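Below you'll find the structure I mean.
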Amino acid sequence: MFKHDKQLLHEVKVDAPNPNYAAMLQEQLGGPQGELKAALQYLSQSFRIKDKEIKDLFLDIAAEELSHMEMVATAINLLNGHNLDAKNATIGNIEAHVLTGLAPALTNASGQLWTAAYVNETGDLAADILSNIAAEQRAKVVYEYLYRQINDKGVRDTIDFLLNREEAHNTLFREAFNKLQDTGSLKDWGITKDSRLYFDLSTPGKYFDINQPQPPSFNNPDNSQANQNLQ
Amino acid sequence: MFKHDKQLLHEVKVDAPNPNYAAMLQEQLGGPQGELKAALQYLSQSFRIKDKEIKDLFLDIAAEELSHMEMVATAINLLNGHNLDAKNATIGNIEAHVLTGLAPALTNASGQLWTAAYVNETGDLAADILSNIAAEQRAKVVYEYLYRQINDKGVRDTIDFLLNREEAHNTLFREAFNKLQDTGSLKDWGITKDSRLYFDLSTPGKYFDINQPQPPSFNNPDNSQANQNLQ
Amino acid sequence: MFKHDKQLLHEVKVDAPNPNYAAMLQEQLGGPQGELKAALQYLSQSFRIKDKEIKDLFLDIAAEELSHMEMVATAINLLNGHNLDAKNATIGNIEAHVLTGLAPALTNASGQLWTAAYVNETGDLAADILSNIAAEQRAKVVYEYLYRQINDKGVRDTIDFLLNREEAHNTLFREAFNKLQDTGSLKDWGITKDSRLYFDLSTPGKYFDINQPQPPSFNNPDNSQANQNLQ
Amino acid sequence: MFKHDKQLLHEVKVDAPNPNYAAMLQEQLGGPQGELKAALQYLSQSFRIKDKEIKDLFLDIAAEELSHMEMVATAINLLNGHNLDAKNATIGNIEAHVLTGLAPALTNASGQLWTAAYVNETGDLAADILSNIAAEQRAKVVYEYLYRQINDKGVRDTIDFLLNREEAHNTLFREAFNKLQDTGSLKDWGITKDSRLYFDLSTPGKYFDINQPQPPSFNNPDNSQANQNLQ
Amino acid sequence: MFKHDKQLLHEVKVDAPNPNYAAMLQEQLGGPQGELKAALQYLSQSFRIKDKEIKDLFLDIAAEELSHMEMVATAINLLNGHNLDAKNATIGNIEAHVLTGLAPALTNASGQLWTAAYVNETGDLAADILSNIAAEQRAKVVYEYLYRQINDKGVRDTIDFLLNREEAHNTLFREAFNKLQDTGSLKDWGITKDSRLYFDLSTPGKYFDINQPQPPSFNNPDNSQANQNLQ
Amino acid sequence: MFKHDKQLLHEVKVDAPNPNYAAMLQEQLGGPQGELKAALQYLSQSFRIKDKEIKDLFLDIAAEELSHMEMVATAINLLNGHNLDAKNATIGNIEAHVLTGLAPALTNASGQLWTAAYVNETGDLAADILSNIAAEQRAKVVYEYLYRQINDKGVRDTIDFLLNREEAHNTLFREAFNKLQDTGSLKDWGITKDSRLYFDLSTPGKYFDINQPQPPSFNNPDNSQANQNLQ
């Protein structure tokens, strides 16, 4: 069951309306690396998870991503200001001015409608968690791009918070991954000769090779560097 | 420049036509974890890569995925047999019987048309390689699902080859990732307090926590277990 | 902020696995009249609503629809059982067997991926509430279609609950609509001659005409019939 | 059978070319509340309607919406002028300059391709008519947004005509709805306790409640206010 | 302006309900080679055509394709029969049973929603007419596939009519093409050396070469064979 | 099997960065008439072709279109320059600035994601080759539109090369078409009376008629004018 609290997870302010930036910020509401995608990906994956601890982690983060989506939408709403003004728009997505009456919409910055094609779920925990680690890294990158193109302090504070939360989720998903050794799609890695071949199909150049293929495993996200520091 | 050699990367045979399985196998031609997606994701990402070695790796694998796509399409073509027969279809995608005249199509097993929404590219090497590692893991999972639902020896050999190649790519992408330390989106990880918070939004239950967030780093895919074995 | 409670809004049970019905039920998870669409439509609309009471209503119902989505997904998950078995599928959407490892997916019954094109928002309260009343009516209809095609008592109980909740939401949205008289797009209705014309473009036949156009207004959903009964 | 008359339903003129406004106006050609959607929604719904009078109404309006689509396209064509000039475009959709050679296209103002996901049809008359009433209200809202952002008298005349026609259709659909009492999805409304519950899931705040749920019914669109005036 | 006549362009009968074939026939209602696509492609292209004769041809055929769409929908409606029965469906698209209440929908045979991505328009007459000739040829092919998979005499008569109409349109579009010599994109064909190169990129094998490139021109569709016969 | 050579098929240079033109040029990377579509259409069609010579032609051209795609992407990459700068964007597609870090993406100029709905394949050689001839003509038209809107000499050279290659492919596909007489969908053309009717559905005006319908056949693309010259 989902419950809603009218208080935002984290306060959202903007210094001034900025409709073009509102359109840019749509990327993280309705784009492929945005908050809606993250929330629905983790929620969808959670439905069949049996491991109690990992299921809880997925749902904690899914609920947080929904709460991020609300924050991003709040920022867009404030940035859109109070005037329909497509004439002065310079950004791809002008739906706020012709369709939604300045309300945030489920599209990216260029007006592409959100699609469930953005969501990856496989029913395999290793694959799903790797998908989520990658998704968090991409979300961070997009927030960095957006941060660099705005001076509004309120917007920057909001982006800074969200960007750091993606790092936190990334760290947590890796911790969850470390519990999976030799399960599901991680089993029997690299046992046929085909998994050790390298096809050098782009020429010239060959710089990599495969010796002993191992399934993915992360350095312990919490302790690795700490340990190094102690050595 | 791309060149085509009429010899397949790896021989493809099927024991007997099996139109319903042909429709199932469409998942890896035109689905979200399929070969076309992999080829176009790595190719798209490669266009702006400056690091010569990593660019070569991406293009070697992109060309191989295109060659895999050709293998999957060849298998589908053989499995489709020679009769239009939607009446005996039991699988979602019947386009082979009503649209393509038994030719393979760019759709998944249920008939959803391929979309570039499946492709992730960010211009950040760390994010892109993590996306690729996750994509390879998911592709392996789907091949495992397909393998378990067919007894045809020819098809199984083809899937076995492709599945192991995904493992090889996964291994290689991790090796490439290990070259990136502290660059791009891996910089300045976990330096704000927001990156160390845990929001326990799904109740009851809380099993994870964050101490010292570190950016993702993989155990060396080639040497880690080898090293362990030597200890 | 959204919070999640691991207890479902309403208990979900199924008498027995039924993978084909699981695929049918996907219609209300990821189809145009399904729970995800309802949740995201009301949530998106709510972001710019100023009226405190109507905003609260939209968010109460949005949170409930998310909770319905969780119920539908739970039912699908149980109905999918434990075997990958596309060979015995007879329904359009076989993604559970080849892509998601029996997990519920964000698609409709025939495998079409969910798209934000299903979501209507206009920034105008009258238009948005009319959209929601229509959406609730359509959701009820789809649940009726699904109810008639299953004998499983557990599934029927779940559908019965959800279907009646759509009625409740429909009733509430009409109550909210009745507060809007002569605001937004309801103003100045029918004041030009063009709004009173009838173009009889399909022949033969003409059965309707327009006299004094009025903006939409509902009989009071709670009291109207009661009042009639009292007369 | 459809027949075409080269005379427009209503004259279309523009004072001057205005390519950016042409792109904005695309919203009502190929957007979710546009004329193509309306025409195809009513036409699709009509195919299975048995009631002769309602079927005639749906087809009268479907044919008119096709004729509106032609008017909107004519206006876009005139506004696009005679020069390919994407450099001076400031609106999302530049396809007129790079793809269609200044011809109107089946996209919205931001370039999203038209999709049948916009069309709602259920085979249930009550649900379909409610969908249409909502669709007409939304179309009116979008025309109001567009009207407010242009001074061109020719364009304003065209929008004014179309906007008032949406009102007329809205009125007619309500008249049709009033014929449906207690049929289809309107039957047996509110007879279980679940249809009378209120889940107060967004806190703080609770302003609505349900007493005696009734199916939707409109005040008579033609006579209600007239009657009030007479009282 | 479009007008509708309740008489079909050509009578449609079916011998017996056949829900699975109804789903197959959806391909020509809402698929890429279907009637809706044809109607909207020719209509969209017509909006900017200046040549009076060619514009008339496009609109004659566009209106006819709309009328074909109505015929196909009528056939689907009859074939769907009177029972919701997804359990006995074996075809990809089960939306008739769970979403539309047995009404025809704007999807293809596998449930993919119709998209304007199917429509080609360029503002260049030569390119548009070539697109239309190809579209008519493809539509004929799909009708042939459908014809071969049904014995119902009523359905076969309908398909036979429609298939032959595609031939007629094809013939007419070629006649229109023959009026275009050396205009638009047909001008200055083959004047650079690049237009005479052959890149032999797929090996082994090279069977074609280019000598004197000429723009496309058709043998006169009406007279060519006749003339040959006279020689 | 596909192989990649790091040398481009043809050198690509740009005089200066031009991010807005980069967005325009996206049309030919990820739009409906772009290089990706051409490559995948010919490749998909080739999978079931039995005629050795025509199969070779399709694969030669498919490989070349992939190589063109690489050239277009290289040009976009250079034009995007080195600064994220959505504020100064004026073109629909701003994904380079907020999503891809200035890398080329699989979208058109307005940000619509590439979709396999652009690809036509029917399993019938005549229909497929006609589709390809039309596709090449459309691609040429789009390159002409793009050429007229840029002065950058490097970009113009690249477009000029690509445009002329489309002419070459067009010429070759017609040569292939001439080998097909009376096969597949070309058989039995115009033998029913329905194929000779003209429905004059758009009034006023009727300028075309059908006498002796013949299947499409092209004047010999290489020799026709040559022969005329010799006469």
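By written order: A, B, C, D, E and F. Residues from 1 in each chain.
Here, a residue touches a chain if its C-beta (ideal position, glycine included) is under 8 Å from a C-beta of that chain, and two chains touch if they have at least 3 such contacts.
Here the structure is a predicted model, which is why all the values come from computation and not from measurement.
Using the contact threshold fixed earlier, the set of chains in contact with both subunit C and subunit F is A, B, D, E.
Counting C-beta pairs in contact, the pair that comes out ahead of the other among B-C and C-D is C-D. Mostly identical positions are employed by subunit D and subunit E in their mutual contact, as over half of the interface residue numbers are shared between these two copies. Averaged C-alpha coordinates put the centre of subunit A at 19 Å from the centre of subunit B. Spacing of subunit A relative to subunit F, judged by their CA centroids, is 35 angstrom.
Touching two or more other chains at once are residues 1-6, 9, 32-33, 56, 59-60, 62-63, 67, 90-93, 99, 101, 107, 110-113, 115, 117, 122-124, 141-142, 201-202, 205 of subunit B. Taken as a graph of touching chains, this assembly has some other topology, since it is neither a line, a ring, a star nor fully connected. Chains touching one another, given as pairs, are A-B, A-C, A-D, A-F, B-C, B-E, B-F, C-D, C-E, D-E, D-F, E-F. Within the complex formed with subunit D, the subunit F residues making contact are 20, 24, 27, 31-33, 90-93, 108-112, 141-142, 145-146, 148-149, 201-205.
For subunit F in complex with subunit A, the touching residues are 1-6, 84-95, 97-99, 101, 107, 110-113. Within the complex, the subunit B residues that touch subunit F are 1-9, 30, 36, 40, 43-45, 47-48, 56, 59-60, 62-63, 66-67, 70, 73-74, 76-77, 99-107, 113-117, 119, 121-124. Only residues 9, 32-33, 52-53, 56-57, 59-60, 62-64, 67, 115, 117-118, 120, 122-124, 126-127, 130-131, 133-134, 137-138, 140-142, 144, 160-161, 164-165, 167-168, 170-172, 174-176, 184-185, 189-190, 192, 194-202, 205-208, 210-219, 221-226 of subunit C touch subunit D when the two sit together in their complex.
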